[in-house]
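Consider the two complexes below, in which chain A is the common component and chain B and chain C are the respective partners.
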Partner chain A sequence: MGTPRRLAVLFLMPALVLLGALVVYPIGYTLVRSLFDAGGSEFVGLGNYAEVFTDPDILVAVRNNAIWVAVAPTVATALGLVFAVLTERISWGTAFKLVVFMPMAISMLAAGIIFRLVYEQDPDKGIANAVVVGVHDTFAEASAYPGARPRPDGVLKPSGDGAFTAASPARPGSPADLALVGLPAAQLPEDARDAARAPAGDGVSGTVWLDFKPGGGGEPGVVDPGEKGLPGMKVEAVSGGKVVAEATTAADGTFSFPAGSTPRDAVLRLPASNFTEQYAGVDWLGPTLVTPSIIGSYVWMWAGFAMVLIAAGLAGVPRELLEAARVDGANEWQVFRRVTVPLLAPVLVVVFVTLMINVLKIFDLIYIIAPGPTQADANVLALQLYLSSFGGGNDQGVGSAIGTLLLLLVLPVMFFNVRRIRREGRR
Partner chain B sequence: MTTAEKTDGGAGRPPAAPGTAGRAAAGAAPRAASRIAAGLGGAAVRAVLLVVALFWLMPTVGLLLSSLRDSTDIASSGWWEVFTEPAQLTVSNYAELMANDAVTGSLLNTVLIAVPSTVLVVVIGALAGYAFAWMEFPGRDWLFLVVVGLLVVPIQVALVPVAKLFGGIGVFGDISGVVAFHVAFGLPFAVFLLRNFFAEIPRELLEAARLDGAGEIRLFATVVMPLGGPAIASLGIFQFLWVWNDMLVALIFADSGSAPVTVALQQQVRQFGANIDVLAPGAFVSMVIPLIVFFAFQRQFVTGVMAGAVK
Partner chain C sequence: MWTGAEQESFTKVLDEFEKRTGAEVTFVPTGDSASTALGTKIEGGEPPDVAFLAQVGVMHQFAEKGWLKPVGDEATAQLEKNYGKGWRELGAYGGKQYGVYFKAANKSLIWYNTAAFETAGVTDEPKTWKEFLETAQTVSDSGTPAVSVGGADGWTLTDWFENVYLSQAGPEKYDQLAAHEIKWTDPSVKKALTTLGELFGKKDLVAGGASGALQTEFPKSVSQAFAEPPAAGMVFEGDFVAGVIAADTKAKVGEDAKVFPFPAVGADSPVVSGGDVAVALKDSEGARAMLTFLASTDAARIWAEQGGFVSPNKALDTGAYPDDVTRGIAEALIAAGDDFRFDMSDQAPAAFGGTKGAGEWKRLQDFLKNPDDVAGAQRALEADAAKAYGNG
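Right after this comes the complex of A and B.
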């Protein structure tokens, strides 16, 4: 049978050389390198490790990594479990699985670009904020005139909380001229007409208009021809600190209260709801939300992985056990909680641990999605390692210490794997 | 227990319609009622899963539709506008992308990195896997355990030293360095998967071939490799997608001439808003091959993913 031993060497050599040179030797090198300073010439003991846990920037990375490892695998596994159980009840389960599993096939770079688009701040461009603003504006009416303000020398004065109140009580028969400025003409509602003075009736009346004549001219505080009324403006009559009557302006900016509805001392007020800033949506990639937002994109990519593995495990669960529980009177939730989940426990552990190892090294998504100004807020260990070693940080000592820490964190899994294979080999 | 009840237990079929339930349970009013309740529950489940599916599709659809609008449209409004103004759709971004030498060159680099990395991992992994499964040599078992231990080593540990090493032997920045790194870190999984698969080959089959006078090399090429087809397919697809989609390894070991498409696009991300007309079609082009591979070889991919759990 020839010379098996020499043949064995021949068969193994390519793999062992590559593993030795590019995996095993680098591990040793990194362990040693982590004990030397930035330049690699001076021995600093555990100094680099101390820096990892004291440098405020790197501490952010440590904290974020902890958040990632705690949250991302849990959410992805939980969603995968729910999807796997629910898809068993629909006829198009395979199509559903394909849709949810598909992101696993694409690169984290592509997923990153996809989610940069999703999280775009401008609600006119980013779908996430488009939805959030849409929902918000359905429940809270959008204000029509953000930024409008009275003339400094006009009738209206700021009265706190963004509202504007007239200096003196309104009198029936002498219409109030409530002039506002500070609005770009392009921002006027389409139904705005030329402003008119309110007719002097029996009740309090007046005009709210944009006291600005396109092309110049016009007298401040006076309704000039060509100036536009501000329709839909809420006007309140306030007496003794209480709102006693409300009116809304017409297309030409005029409003009027029914005769006798306002006490003699009532003053006119334009409430703040007319002027609040447009709701701009959520600052997804801002300093506070950037990490949760990127975790969301990770879950989008990896929930399908959890789902497929759990579904495979579910296929191996004996139906009779579930049926028996139902016959005994258990409802669907009890069957899920007391029978399905315990039977799936081994699969769930494998999925969870795999995701944890994966999340520990997360890099691409953060590097792509976090915009420059909040990259430091989204920092994680793998990103810090890259920045320290290659991205201008110029400190391969700290980079090596972080690499060593990542290796230490997967050691338990390594031992578990080795022990399992050793047991299987003995059998 | 009737079969109808069994399928209701969730074997992947929709719950029986109320009509059939009524017929099957004639005279058993409470059971019919519970069937109708289950049907309503089924409707809720279908509705929830439909919403989830749309939610999952939306980001990718957004990228695709964005890539089909010109930069002025992208800068002024969201991609969902094409539903009301389909005239906005244009392939001009793709035409420009394909005329851009830097991008087409990087796509070629991606192929030049991914194909050799996949072939080499399969060949080298199969050789070692066969040796671990069927050859006798001292230290075989503990050496295999070392390989198993290397399964979960994070690539980050090796970046700094391998960069030094590559710089020393002059392959830093070269495609060969990127390929070598991918092969090395793909090997533990390849050896592990293929050894386990080859070990299942019936001994008699190999003995028979040996009796026919086949040497180990012929045995490997004509018996073992063909039998290993399914495992090799899973491994190959898994490794191919892994390398095709990689950014970090290439970011460090490739230079501007050998950078794959992921790195080329990454360099445009800094000015995301200004470069979106390159990024959106570029990202989509980079996704096309993985998606084709994924849809064509779903089964093998899933097997690979499942075997690769705890990698």
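Right after this comes the complex of A and C.
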């Protein structure tokens, strides 16, 4: 029969024009543009590509993209598989699936803002650190005086690891004045009394106190009226690098060692356990963890997508095969490993490849979640493309080169996907 | 451009203009990207009569393209009567007067929590950098972290640097560095960064230490300084801090929050400023009349009385400002005479002076993290600057 050729062309025309104008032309123009300089007037050959592969920022982006492609689709697919298989046989599986799938209904932008909050450093705001700090504080006791420190010109000097040590050996009969500052008066324990000088006894004694009273005044290093003692402070006498005696301060900040318990060369030390800073949690968005953290938020979004597709595939797996395997004596793990997964392989590949293409062009999550100081550490190609072309760089030559590179990276995956779809169509 | 309370105040200025001239004025805020919005309108052949621009660079760019019209004789006369030479020249390009600076910003201010100063027993506002560091130490000793630095936003760090540099190296060097005529590896930059390191390098003085500062955005750097209990005694930034204090904290400007000029690192306190310049895009009667009116003292007084506004008009009686804090800010700005300088990073190409995670913003964040490496910071700054200015 055959359709008249002209008629076929006529009907194909709208699609061809649209595809040409919206897909082929932009790709072609990007290729051409990538050979020109920032202004777009001067031909620079492969200069922009050379820049892409030498600029340290862009190399970080390439490396991060590799991490993303290797990790994110794998984890999301694996989680989706686990969820799908586990929820298949429970009655409230649908409810569970609904919840896991819900993040898909949120835009990347909103998810980015949510996770910016989740990863907030302050445990009062960021839930991730709230959990970490909560667990940590359950096992480690907080110190009484975090942040307290001696004045730079005082008797005590920092001696490493957060401890403070007196400059000269303690003498029995001349009480030591161990002044500390840097504590808000409101943070003192309730039983703190006005500081007093320790009585000169037979043993080494002294006072640990807050050498600052509200409103200022008083002489540095001297116990003035109105200044508070620091009760419960651990004081060590150290001789030859070893702790020979320990004392704890009273409500007015005084302490004393029994006569004869300290050698002549013993110096007083306030150990670090008095001053340990409150545990600040994990620096989720710091230089090292920023990429894994953002991948975490991506998985949160896309595991549901993987799960739904895999669950659909699972529904198509013939029951009798699983039953047969069980009858033959396979345990559940063997059934899963040797029967379910191979039967699901086509679906898993679809999910994996879709996610891979999706991840190659990831942009929004990183642009929103990564804070300014670590944005460069979290950089990926799509973000760098934007930054180079529009975000201040205004070098659309380099931007186009990155775009071309991204296209080259996506092409093999696309090619694979198209071939697979064809093969399936033929079956 | 201006929205919210600012728009309301500016509308009052426009009302007065309408009353005097019988003209009818429509005010259209453009949002953040004024140059894009205006560029589209101009290229479409429908420019507004008068527009406000926030960046010097944009005004130069527009003038170069021939989009701007000179202000006219009457406005020039007003400008000569009311404005210092520095502000007039900022509004000129290629020897022609194109713009009238109507609203100015003073970015050389240290805001402090009066309660924190009281607790620390600090009674005198520090005048020099040395006194400033001593005050910070005292505040820190009293148990309040001393200085809140909004290091998560790179632009606050560029403002820190600009103030130290302007005061220490002087206006001429500042202009040269802004135009990248001298390199960032210059000894004067080294000196300024070393000076800045005296503050940034002390964990006791910066609230949260460097790592805490790098996680603090500008609004938080302000609100934490005026929270209860305060997480910092002082915070540096421009007059717009007052707006954040009013919106995000319970503190009252003038009582709980006061302000002193950025301490003098060299001979004088620096005044780094910004501002909105009014330009004519059409050669019309109305546009010229509007610019003349904006250059007049009467127009400045109307907004000044509303608050939230500082005028570069030196003829304006500072009694018009509604409170002491604004008056102090305005007086410091006028007192700087012609030695004030426009924000350097706003004059630089955006790739260097205005991009999150890149250029000067990123390099100064790295410097805040590691203030000992002055030479490394200088090298990195110079490399980025050379690339962005394209004159390596």
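Rule of thumb we're sticking to: the second predicted complex is superposed on the first by the 280 of 427 C-alpha atoms of A that agree within 3 Å, B and C clash if a C-alpha of one lies under 4 Å from a C-alpha of the other, contacts with A are read in each partner's own complex, and residues count from 1 in each chain.
Methods note: a residue touches a chain if its C-beta (ideal position, glycine included) is under 8 Å from a C-beta of that chain, and two chains touch if they have at least 3 such contacts.
Owing to the predicted nature of the structure, the values given are computational and were not obtained by experimental measurement.
Enquirer: In the overlay, answer first, second, both or neither for which of chain B and chain C A:329 touches.
Expert: In the superposition, A:329 touches no partner, neither chain B nor chain C.
Enquirer: Can A:184 be said to touch chain B (first), chain C (second), both, or neither?
Expert: In the superposed model, A:184 contacts chain C only, not chain B.
Enquirer: Looking at chain A, does chain C or chain B touch more of its residues?
Expert: B
Enquirer: Does chain B (first) or chain C (second) touch A:371, or do both, or does neither?
Expert: Once the two structures are laid over each other on A, A:371 reaches both partners.
Enquirer: Between chain B (first) and chain C (second), which does A:121 come into contact with in this model arrangement: first, second, both, or neither?
Expert: second
Enquirer: Which holds for A:104: it touches chain B only (first), chain C only (second), both, or neither?
Expert: first
Enquirer: Looking at the overlay, does A:387 come into contact with chain B only (first), chain C only (second), both, or neither?
Expert: After superposing on A, A:387 lies in contact with chain C but is clear of chain B.
Enquirer: Could you say whether A:216 touches chain B, chain C, both of them, or neither, answering first, second, both or neither?
Expert: A:216 contacts chain C only, not chain B.
Enquirer: Based on the A-chain superposition described above, do chain B and chain C contact any of the same residues on chain A, and if so which?
Expert: 371-372
Enquirer: Which stretch or stretches of chain C touch chain A in the complex?
Expert: 118-122, 138, 140-144, 151-154, 204, 211, 214-215, 229, 349-352, 354-359, 361-362, 365-366, 369
Enquirer: For the complex, give me every residue of chain B touching chain A.
Expert: Contacts found on chain B: 1, 5-6, 9-15, 41-42, 45-46, 48-49, 52-53, 56-60, 62-63, 66, 74, 76-80, 124-125, 127-128, 130-132, 135-137, 141, 143-145, 147-165, 180-181, 183-185, 187-188, 191, 210, 215-217, 220, 241, 244-248, 251-252, 262, 265-266, 269-270, 272, 276, 279-280, 283-284, 286-287, 290-291, 293-295, 298, 301-302, 305-306, 309-311.
Enquirer: In their shared complex, at which residues does chain A touch chain C?
Expert: 57, 121, 147, 149, 151, 181-187, 212, 214-217, 283, 285, 370-376, 387, 391-394
Enquirer: In their complex, what parts of chain A are in touch with chain B?
Expert: Answer in residue numbers: 1-2, 4-5, 7-9, 11-12, 14-16, 18-19, 21-27, 29-30, 33, 83, 85-91, 93, 95-96, 98-110, 112-118, 124-127, 130, 300, 305, 308-309, 312, 319, 322-323, 326-327, 332, 350-351, 353-354, 357, 360-361, 363-364, 367-368, 371-372, 382, 385-386, 389-390, 396, 399-400, 402-404, 406-407, 410, 413-414, 417-418, 421-422, 425.
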